[in-house]
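Some structures to go through are shown next.
Paired with subunit B in one complex and with subunit C in the other, subunit A is shared by the two complexes that follow.
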Partner chain A sequence: MAGSALRRLMAEYKQLTLNPPDGIIAGPINEENFFEWEALITGPDGTCFEGGVFPAKLIFPPDYPLSPPKMQFTCEMFHPNIYSDGRVCISILHAPGDDPMGYESSAERWSPVQSVEKILLSVVSMLAEPNDESGANVDAAKMWREDREEFNRIAQRIVRKTLGIPT
Partner chain B sequence: MSVDEDDSEMDFSEDDCGYEDYYNTAEDCDVEQIDLYKTDPEYFAFECLNVEQVERLLNESVEMLSNNLQITPSLAKMLLHNHEWGCLTITAEYRRDAGRLLVTSCVKPPVPPDTSNSSSSVGMRISCPVCVSSILWDKFSSLCCGHSFCNMCWAMHFEVQITAGISTGISCMAKGCEVLAPEDFVLTLLTKPQLRDKYQQFAFKDYVKSHPQLRFCPGPNCQVVLRSKEPKAKRAICSYCKTMFCFRCGGDYHAPTDCNTIRKWLTKCADDSETANYISAHTKDCPRCHICIEKNGGCNHMQCYNCKHDFCWMCLGDWKCHGSEYYECSRYKENPNIANESAHAQAREALKKYLHYYERWENHCKSLRLEEQTLTKIKSRINIKVMNSSGTWIDWQYLMDAAALLAKCRYTLQYTYPYAYYMEPGPRKELFEYQQAQLEAEIENLSWKIERAESTDRGELENQIDIAEKRRTTLLKDFLEV
Partner chain C sequence: MMEGSSTSQPDISNLFEKDRFPKKTWQLVTLLLYSPLGLSLAIVRLFILVQAFVAFLILPDMTYARTVFLRAIGIVLGVVLHRENENERDNSAKVIISNKITCLDNIAIYLTSGAITWDLPSPLAWALGVLDTTDGRKPIVSKIKSKLENHTDSFLLQPEEATTSGRVGLLKFAPWSAKVSDTMQPLVIQVWRPRAMETSADVLGASTFFNVFWFLFTPFTVFKLKYLPAISREPNESDEDLLGRIQSSIASELCVSATKHTAADKAEYEKLYLLECRRPVLVTGDPTALARPEIQRMVFQVAEVLPHVPMDVIIYDICRTHSIDLTISNILEGSIPFTPIPELRRAEPRQTPVPSRSSPPVVQSLSQGQGQMISFMERKAKLIADARRKYIEKHGLVDAWAE
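Right, the complex of A and B next:
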């Protein structure tokens, strides 16, 4: 199984290096192990995460791409769809039928023809438009709904932190 | 009735404590044959099937549909699974608009596949979008949606899905494509024998679960499937493991309460919503600063520890202007006019009401367990009596019958409490609680007499059995709605 997973990951890595999407860099941490990647995601313009550069880790299962990878931010994050330990909860990372929050029936699901690029693009749009019905981080979801100003302040502090600017 | 008629009367050692035994005595059967549904509110026709019998039953439907519509058995199975095994509805739908039926059943894609670039020649290699290997074109397969993937990737896809417990719900690998893989497609590409077995087991489970007339016996490790032509909330008993359950919801049998009410009751008893109710009933918010205060003494003159506000616990009014009206408050408590009382008082009243029913529910549940121990005692008592030549084994059988009936009556009595709890006050509730009280009295009477039965003179006990069972049946006749 891992043979075709490796072949596929190498192909995806090549594709991402040749045609990188805007604001996204991703690749294996160490070329000895293609099953652990690091990604850097730029906060989308015109949102409270604008200007930030957020590092994340992607762990691929041996049966990739039949099963989806797991993604976890390694910097501090405050977002309705990101658990406090950095794990990302979006529909594309769930197989059809696997619906822990029971809300994403119509949303895009994992399928073996999806890719790392598609996941990262979904994460960028998730940063721009949180889904406040999913409660990966309930406090963040509540604040996003009820106190947007305070939410923006926290996001700006995180952005400055990722850039190493004193807050 | 299909409940173990073949249980011989001599077989009394272990499994004789089932509640159905009382009904199976010969003299009852003659009467019941006339109109079982009228004489016995709990009468329920069902049969117990083993796996082969169920497979035969399912295959009959599959064969019929595939002959009717001239389609493959595999496709017939998909349609039946999708439409609660309603052969006639599927045939009618198919004749009316086959295309629509196949799309809504996820057999065909909503948009027909684009076949323009599928020209392939011998020896051509194409790249599989999943594993990105370039492979000979004849090693590719696709469902009728036309999304083509190499056979290796299909097999791996099935393996991942089956390992996750999915069988009939395996869909195409393409993004957003909901077309389902039929059984023959899966089994052609799946080569590992263990996975094929697993797939067939899971699919069988899915088929039984989607069939409105079939239920898996909920007993632990029991393979039996029960079948009834009218899937109602009635008492079903597995002939193999003797598990008794409600045919409709699969939970413990719960007459006279209905499936929804018992679910609500059990959730209520299990979750901590009552803790919130307790807090509400035993605490009040300070009328000035709204901090939560628990009353820890008898005096109704309260001083908030937070803002030092003095107030009356009963009416929450300011203590200073309270003065001589204090005793008004105390009377108010004695004559509760619940609709006009504060939210806290209402919560307290609600808790009291819940606890009233819950304590009785719990108590009968405990009594049932205790009476199981009594049953073992009765068995040894009978053995001693028979050994001492005071009556034969046959002479003492009535005591076993009495104990079985007692358990059956108490079981029903236990389940009358959730029913009563959710009833609207009114004459119907009064009637129900009257009958419930009557049943309870007769049951306690019967229990007392069974524990003290010392002779083979069975007249009095037989009489009591009859009264208790009549009370139970009357209550069910009046209130069991299926």
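Right, the complex of A and C next:
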């Protein structure tokens, strides 16, 4: 089981290294353990997260790709779909069947045909367009709806923090 | 277990001959000098064999023809029998049970005892009309039994089911062989060839064709056959115990150990061994290929994806496949064995992501060449540095760090 997971992860790593999507880097933290990856995601242009480079950790289960990996940002994040501890709440990371929020259609769920690249691209679009119905971070969702200016300010602060630029 | 079977089991890798050729220089020299003669001998013998085979197919009388044919094969193959104690043959035991050294043991035994076997190379087995083995082991036991009841012929079993060198250990006897008869006479086979051109009769991983070819090439091959006292099943003795006793008696006569490795273990080990033999060690082939920029680029790209794979392995495979994808999947699927580069050598000078204005790591590592790739770390540092530069430019900030 773990063997096929490993092979799949190696193939995905190869794919991501040879044809990296714009502004995204992902790979195993160390080559002894292919089940723990680090990813860097660049905030999409034209959004409040523009220009930021956000580090995240991906943990793969031994039965990957049957089960989805878990993703957690390792930097400070303020976003309606990201828990305060950095965990990402996004439908592609949930296997059909477990639906914590009860609003996801199974079409956008995890299945073995998805990939790390698709997860990361989904996360990029999630950064661009938060889903304020999912309340992973209620404060952020509320502020996104009601006080967009303050939300953008916080986002800018986080962006600068990830780049090491003093605010 | 009885005496002769040592307490520690020899490793399966030691049970077989691996080199066809002798190790001493003078033997190699004689072999080389002899080779033109040997080759002509092999060709002549091959023609005689084919003729004998055709003649045998035409001859109507099966039993008679078989005897003549097998004797002809024996002579043509250069089988010399060294019968240690032929008068010890116990006619009450119809089944002879022996160890297996070469694929032609059974011919030698037939020549001395008339004991037949089904375990012949398939064209021979078909021509001789010996037992049809296509329908599995179970019916064979009953077929042999009925054959034994109807005829006075004796029958040869080689329950190791695979050859060994006969110098280190015996394979475990297949359990079905105990069902054939309750009284069996063990027969010990040893094989040798003239010292001056001592080639191994049966080499691990060699096909039957090559093994037979070396029979044809060598002037003669001596089969030393020695009967041991017949062994009968004791009351309530299990199959395993009976076979164990027989195996130990043959093993102690040969002064080797009776191991628990089976023929299936040998097949498994043989596969591994052959894989090991094909392992590429150094870059061979076209030395100019490396100089070509596209080959270099492909090698670097593969090394980037699989930094733990030694360069020479990648270069070797790229020169062969000319495709990054093929080589990567070859390596990932394990069809190219290699020793991974230890972590220490890879993790050399690697800074913490200090942002820099330009992107020298790329150029540097490429010019450093061997082994030092644009690592994941460096790519990360570059991404952050680029994003930072863009951000600063866009917002018209002064880069405090660069000052």
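In this text, the second predicted complex is superposed on the first by the 165 of 167 C-alpha atoms of A that agree within 3 Å, B and C clash if a C-alpha of one lies under 4 Å from a C-alpha of the other, contacts with A are read in each partner's own complex, and residues count from 1 in each chain.
In this section, contacts are C-beta pairs under 8 Å (C-beta built on N, C-alpha and C of every residue); 3 or more make two chains touch, one makes a residue touch a chain.
Computed from a prediction, not measured in an experiment: that's the story for all the values here.
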Partners on subunit A (subunit B, subunit C) - clash or fit: fit
Which of subunit B and subunit C A:7 touches, first, second, both or neither: both
First, second, both or neither for A:138, with subunit B first and subunit C second: neither
Partner chain(s) touched by A:159 [first = subunit B, second = subunit C, both, neither]: second
First (subunit B), second (subunit C), both or neither touched by A:18: second
Contacts of A:75 with subunit B and subunit C, given as first, second, both or neither: neither
Which superposed partner A:59 touches (first subunit B, second subunit C, both, neither): neither
Degrees between the directions from subunit A toward subunit B and toward subunit C, using C-alpha centres, nearest 10: 100
Comparison of subunit B and subunit C by subunit A residues contacted: C
Nearest-approach distance, in Å, of subunit C Cα atoms to those of subunit B in the combined model: 8
Set intersection of subunit A contacts, subunit C complex versus subunit B complex: 7, 11
Complex contact set, residues of subunit B against subunit A: 129-133, 149, 152-153, 156-157, 159-160, 164, 166, 169, 171, 173-177
Residues of subunit C touching subunit A in the complex: 301, 304-308, 324, 328-329, 332-333, 343, 355, 376, 379-380, 383-384, 387-388, 390-392, 394, 397, 400-401
Subunit B-facing residues of subunit A, complex: 1, 4, 7-8, 11, 63, 65-67, 95-98, 108-109, 111-114
Interfacial residue positions of subunit A with respect to subunit C in the complex: 7, 10-11, 13-14, 17-18, 23, 25, 27-28, 30-32, 38, 40, 42, 51-53, 159-160, 162-166
